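Labels for the chains are A, B, C and D, by order of writing; each one numbers its residues from 1.
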Amino acid sequence: MLSSIIWTPLLFGLIGLLVPKRFAAWVAAFGAVITLGLAIGVLAGFDPDGGMQYVTDVTWIPGLGVDYSLGIDGVSIFLVLLTTVAWIPAICFSAMRGTERPALYYLMLLAGETATLGAFLAQDLLLFVLFFDLMIVPFYFLFGIWGRDRGGENDPEDSPGNGVVTVQSATLKMIVFTLIGSLLMLVGAIAAAVISADGGELTFSMQTIIARGLPDGSQNWIFWFFAAAFLVKMPAFPLHGWMPDSYRAAPLPALAVFSAVLSKVGAYGFLRVVLPMMPDAADLFQTTMLVLAVASILYGSAMAFTKTDLRLVLGFSSVAQLGFITAGIFAFDVTGAEGAVLQMVNHGLVVVPAFLIVAMIAERTGSTELGPMGGLAKKAPVFAVIFLIVSMATLAIPASANFIGEFYILNGLFQVDAAWAIVASIGVALAAFYALRMYQLTMHNPLPEGADSREISLRDALVLIPMVGIIVVLAFCPQLIIHGSEPAVDSAVAVVREVAR
Amino acid sequence: MNIEWFLVLSALLFTVGLIGVIVRRNPVVILLCLELMLSAGALALLAFSRMLGNQDGQVFVLIVLVVAACEVVVGLGLVVAMYRRRLPLDVDEMKELKG
Amino acid sequence: MEQIAFFCGAIGALGGAIAVVALKNPFYSVLALVIHLVFLAGIFLLLMAQFLAAALIVVYAGAVMVLYVFVAAYVGGIEEPRWDSSPELKLIGPIAAIALFVAISIAIVGSGLSALSTTGPDDIPAGFGTPEAVGHLMMEDFLIAFEAASILLLLAAVAAIVLAGRRREDPNKLPKGGESS
Amino acid sequence: MTATWAWLVLLFPLLGSMTIGLTFRVLPERTAGLVGIAAIVAAFVCGILALIGLQGEPHESRHVASSLWEYASVGGFTIDLGIYVDPLSIFMVLVVTGVSSLIHIYSYSYMKSDQGYHRFFSYLNFFVFSMLVLVLAGNFIMLIVGWALVGFASYALISYWYRRNTATKAGMKAFVINVVGDIGLYIAAILIFKNLGSVDYTAVFEKAPEVFSVNEWEIVAICLCLLVGAFAKSAQMPFHTWLADAMEGPTPVSSLIHAATMVTAGVYLIARCFPLFELAPTAADIAAWVGLATLLIAGTIAIAVTDLKRIIAYSTMSQIGYMFVAVGIGGYSAGMFHLMTHAFFKALLFMAAGSIISAMANMQDIDKMKGFRKAMPFTAAMLIIGALALSGFPGTSGWFSKDEIIDFAHFRGGMYDWMWIGMLIGAFMTAIYSFRIIFRILPGPACKEAEYLEQHGHVIHGEPKNPATGQLEDTEVGYPGEEHHIAEQAGGMKFAMGVLGVLALIGGLVQIPGVSEVITHFLEPTFEDSIYAGMHPSVSQAWTGLAEGALISIAGIATAWLLYIKRPDLPARFRSRFSAVYTLCVNKWYGDQVIDFLIVNPVKAFGRFCNGVFERGVINGATAGVAGITRSAGAAVRDMQSGLLRGYAVLMLFGILAIVVYFLIRSI
């Protein structure tokens, strides 16, 4: 069952190579919908208190103790759902506009989905590392082939102060950063397996490694090897150096899923691998991680309200939000961690429509620069309202599920020390400022010359409205997610709490 | 007769061939020097074979000869092809493989 | 007696080798290699490898060298150009090669291989190195290697034909280097 | 049953907002307005039904908690989607829905020619819904939800004319300051949960006295955090700067949000959380002192500025200050009473001001207004009633309510006597600035707009200008354009003003000391556990207080008459004599500048530092460093890949040499 979820997207991507070009997009969309259907099927049979479910365990490389081992629990199921949901609008959005070399484009998108789902479902450490690394490959091509050079004198769509970014340099930075992180993580994974085996039978099964435990001293360095990979992927301050260039150069639909889902794999990794496997180290480095998280919140927010490119505003707001998520996880409090999980899903759900809206705004004003924008709301009230809802969810206005997530995170932080919560809550106020600024500078204020304020088309609305609908439904009932994930989150955090005590 | 002498001779021949490969630029001569190095290797193999009283080494040498023959055939084919295309017969001029 | 034979063979083989490297004209180099091979075959005999000595003479000095001669004659005795793209190699290469020789020699003569410094067993079985014995080995123990070698030869032959074979001349398809010389 | 009615109170405005919002393409404009009005009136009716239900209960069980479903629950931190109905919340519901109904009716006419009619009513209904969530919330999280939604709705309404840069800026300011207040509530809720294990009102108020001793630092911290929220929402110092800017919104918005409902939320919060504040008297005192400071400072500003709506806005701040003092010192029913009467007369004042502003073609400067008495007799009458009530003229509603607060402070005695004196000074100023409006606008020779109205029967055509900057407006998004011919002819406006006028006049009669203490009795079940429950001045003391208030009020009105009618040269002379004080007041005590200096500029500087220095220098430097190392390593390797065959041979040779040497060394 889980295997079919993982491989269905890739399968449809390959089918897309065979059919005529004009159908490739719809084959891809169909594949994404089927995947979502499968994920919902899993959800239907899911028992929140059942621990790891739908377990698949096939020996893969017997000599190394590597298994093709999959499983789903309360944390991963919602991230899987997020993934399968997020890909549909991205694909549909691209399908309605057409791309160059469509078959390859959708193959890459769907391969990205396969790898991401694999990372969420893998229960074998090496398999996890493998999928984690594989994720970046299709996005490297997506950014590299369908991305665009930005800045410079020949680019009227960019303000001169932003500097020049070529696709090559952007993707190179991304790859170098991610690969350094990934390689460290690979080393960490091998070390974890070897050290935990302690001369016995080598295995990469996460559960076995957790059960065997790692000695204190080893935990400390293995922790950082994993943390490096996850923090780069998020990206967290100060390892976000690759992010601005990539975000500026990337094609927006691909960027939407990249920012919405791939960043969550890092946070998920903390919850799935780092906390249970290295509880002592996690406890030891709690303060360090919280400092990084809070720095991400403040720095990301500050950058988000300074930047004038919508892509970067959203990019840095993600840095801040991921800071919240990290902080929630490293509060080692069940409310904090649950808030983090809720926030992962919420943030993903918000970012996808946000980036697609940015793409639509760019179609109307010709760029993603905030400077020459404004006044779009007049002829596009529906569009404005959709954007308003998304912006409000981004800034986690109370009554949105994002608020519950953020609130629980703050509560978790407060249990560590009030100071953390108070400093982190500055980020809430800053979020109000940058999210509203983003909305206002695009939709309100006078309409500039040459901008084409027109209502969202019906097809685009059909892409966005389901996403907005999910946001609204979750706003009324965040308990849907909390109920399903609480036991799993609790068990992940309990390990560390046990150690801390 | 001590086996060391054969081995030292083999090393000497190998060195001479190696120097030839590095110093000369005519592909034909380089191929010749490669032959030298191979024969030096063959000599060493035979010496060990003799020392251990085991004929396996001789079979190895035979295979080495076959491989050398193949290499000669392909190498000379290349030389002829270069000549046909009026390329200079100088390995330094063949730098298309540059990184 | 054996020593005298060895030294004669060694001096001949070494002289041939040096001549191969030193002679400017490739044609002469080929001839020098033939001389080298003949002396080498003699040394092979000393090591009780009669079959291989014969094969060396017949296949190598006979067949392969003829190929060399033909090619050398075909392409002509070209003098190497004066201009050297990396003269430093002329210095570094030999020095490094000699260093390698010294290292290997130390390994052979010094303590590294002292356990091996022996003349070998005296009770060599009769027929050591004869075609019969080698043939048996090849057909029994090393059959796969033998077949692989034969396939390799076949491939090499095909490759040589493809490489050197005359094809339709298409001046436009000449690589750039062809025009630049 | 009470709970069901209360839920319906919430449901109708939400439904109204959704209906208008979703059907804006098909619904005719007037119908949208009617739907909006109907929704609020229905909510008001449900509120009354809930009230009847509640009054049917015995005295001690007049509180109902009801929950729809579990909103979120993690690790024992359970949040219900719940409401809490008791006399206090029903009181607020009635004030909010009642005044809102009238404002909706007013807007129905006032916004007639506006392009965004649907949007306006959708927002307005949503605002009322949010406010009702706030007052009906059954736990602190729902309170935060309502709190923040009110902030959001306020933002939407302030920047309703969104092509005005000033309006969008003002909206942003209001929203961000409100969010800061929200954060105060977040922290408070977290602290409450940490100490009491629940965020439900009932549980919290029951447990708080057991857990906390009086003035324990944690309960003080909780109350201070609550106060941050209250100050931000109620525009008290130092969070007051957004309120005046919020006048960028259409006048009904100013009337609804910035007079009758939203800004009173802070008062309601303190009254609602009185069990906590009574455990933390320090915090309650801080609330009262801040209220006092605000009421004095806002009074001085209101005397100095000339923008009609801003004068009323500052008077709102000042009156909210009174309420803060009231609930801070334990006079809950007095505070709530003043909240109600203030809602009446302040909404009335804003409506009358809106009427005049539309007659002035959107000019708001009172220096340019004159002689509207004849041109707009009805509006003039309403304005006078509002001003009388505001200044506490004997017999009006404001007289009873304000003086009850002032009197209560005097009754508490001790340091509260200082508050008493301060509030008396404030009352004097209130009378001056209220009648400053009247005396500047109504009497005298008519200005050209008033004259035009008098002669032609409809208001003058004006260029649509931004009153703040004087720039021409982009009328496309609904800035009231040339056809904006309302003023006092419109029936809806007249009706709303008339009702409010009556209420402002006679609303005080429900609470005459010794005669009809309706409010006190009605709210008794809520506040019966209060330590101040039995404390109130005797009837004679109360009447003494009322007499003092009447004197002060009349003195203030007389002073205003002296300054603006009898000796109109006096204000200018005062201005030049005390130019420093005048500059301070007219610049609003430099509140904006101080906040800019202390908070906004440092944050912006931080942003610039991050963007300009840190990101560019450190992050990009490090990134470039990583890329540079990679690239130079690549370049080094590339140089080896010379394509030179013999070079490769030498490299191989070195490799072999290295291996041989390695083994040689190892063998030694």
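The rule is simple: contacts are C-beta pairs under 8 Å (C-beta built on N, C-alpha and C of every residue); 3 or more make two chains touch, one makes a residue touch a chain.
Given the structure is predicted, the values throughout are model-derived calculations rather than measurements.
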Nearest-to-centre chain - CA centroid comparison: A
A-D compared against C-D, more contacting pairs: A-D
Distance from chain B to chain A - Cα centre to Cα centre, in angstrom: 58
Chain A and chain D: spacing of chain centres that average the CA atoms, whole Å: 37
Chain centre separation in whole Å, for chain D relative to chain C (CA means): 97
Chain A and chain C: spacing of chain centres that average the CA atoms, whole Å: 62
Junction residues of chain B - those touching two or more other chains: 18, 22-23, 25, 92, 94, 96
Sites on chain D at which at least two other chains make contact: 642, 644, 646, 649-650, 653
Of all residues in chain C, the ones touching two or more other chains: 85-86, 89, 93, 97, 100, 104
Touching chain combinations (by label order): A-D, B-C, B-D, C-D
Chain D-touching residues of chain A, taken from the complex the two chains share: 169, 172-173, 176-177, 180, 238, 240-242, 244, 298-299, 302-303, 305-307, 333-335, 338-339, 375, 377-378, 381, 385, 392, 395, 397-399, 403-404, 407-408, 410-411, 414-415, 418, 421-422, 425, 428-430, 432-433, 436-437, 440, 443-447, 477-479, 482-483, 486, 490
List of chain D residues in touch with chain B within their complex: 637-638, 640-646, 649-650, 653
Touch list for chain D against partner chain A, complex: 21, 24, 69-75, 77, 79, 119, 141, 144-145, 147-149, 152, 155, 159, 162-163, 165, 168, 171-172, 175-176, 179-180, 182-183, 186-187, 189-191, 193-194, 474, 476-477, 603, 606-608, 610-611, 614-615, 618-620, 622-623, 626-627, 630
Complex interface listing, chain C residues touching chain B: 2-3, 6, 10, 13-14, 17-18, 20-21, 26, 29-30, 33, 36-37, 40, 43-44, 46-49, 51-52, 55-56, 59-60, 64, 67-68, 71-72, 74-75, 78, 80-81, 84-86, 89-90, 93-94, 97-98, 100-101, 104-105, 108-109, 113, 116-121, 123-125, 128-129, 133-134, 137-138, 141-142, 145-146, 149-150, 152-153, 155-157, 159-164, 166, 174-175, 177-178, 181
Touch list for chain C against partner chain D, complex: 85-86, 89, 92-93, 96-97, 99-100, 103-104, 106-107, 111-112
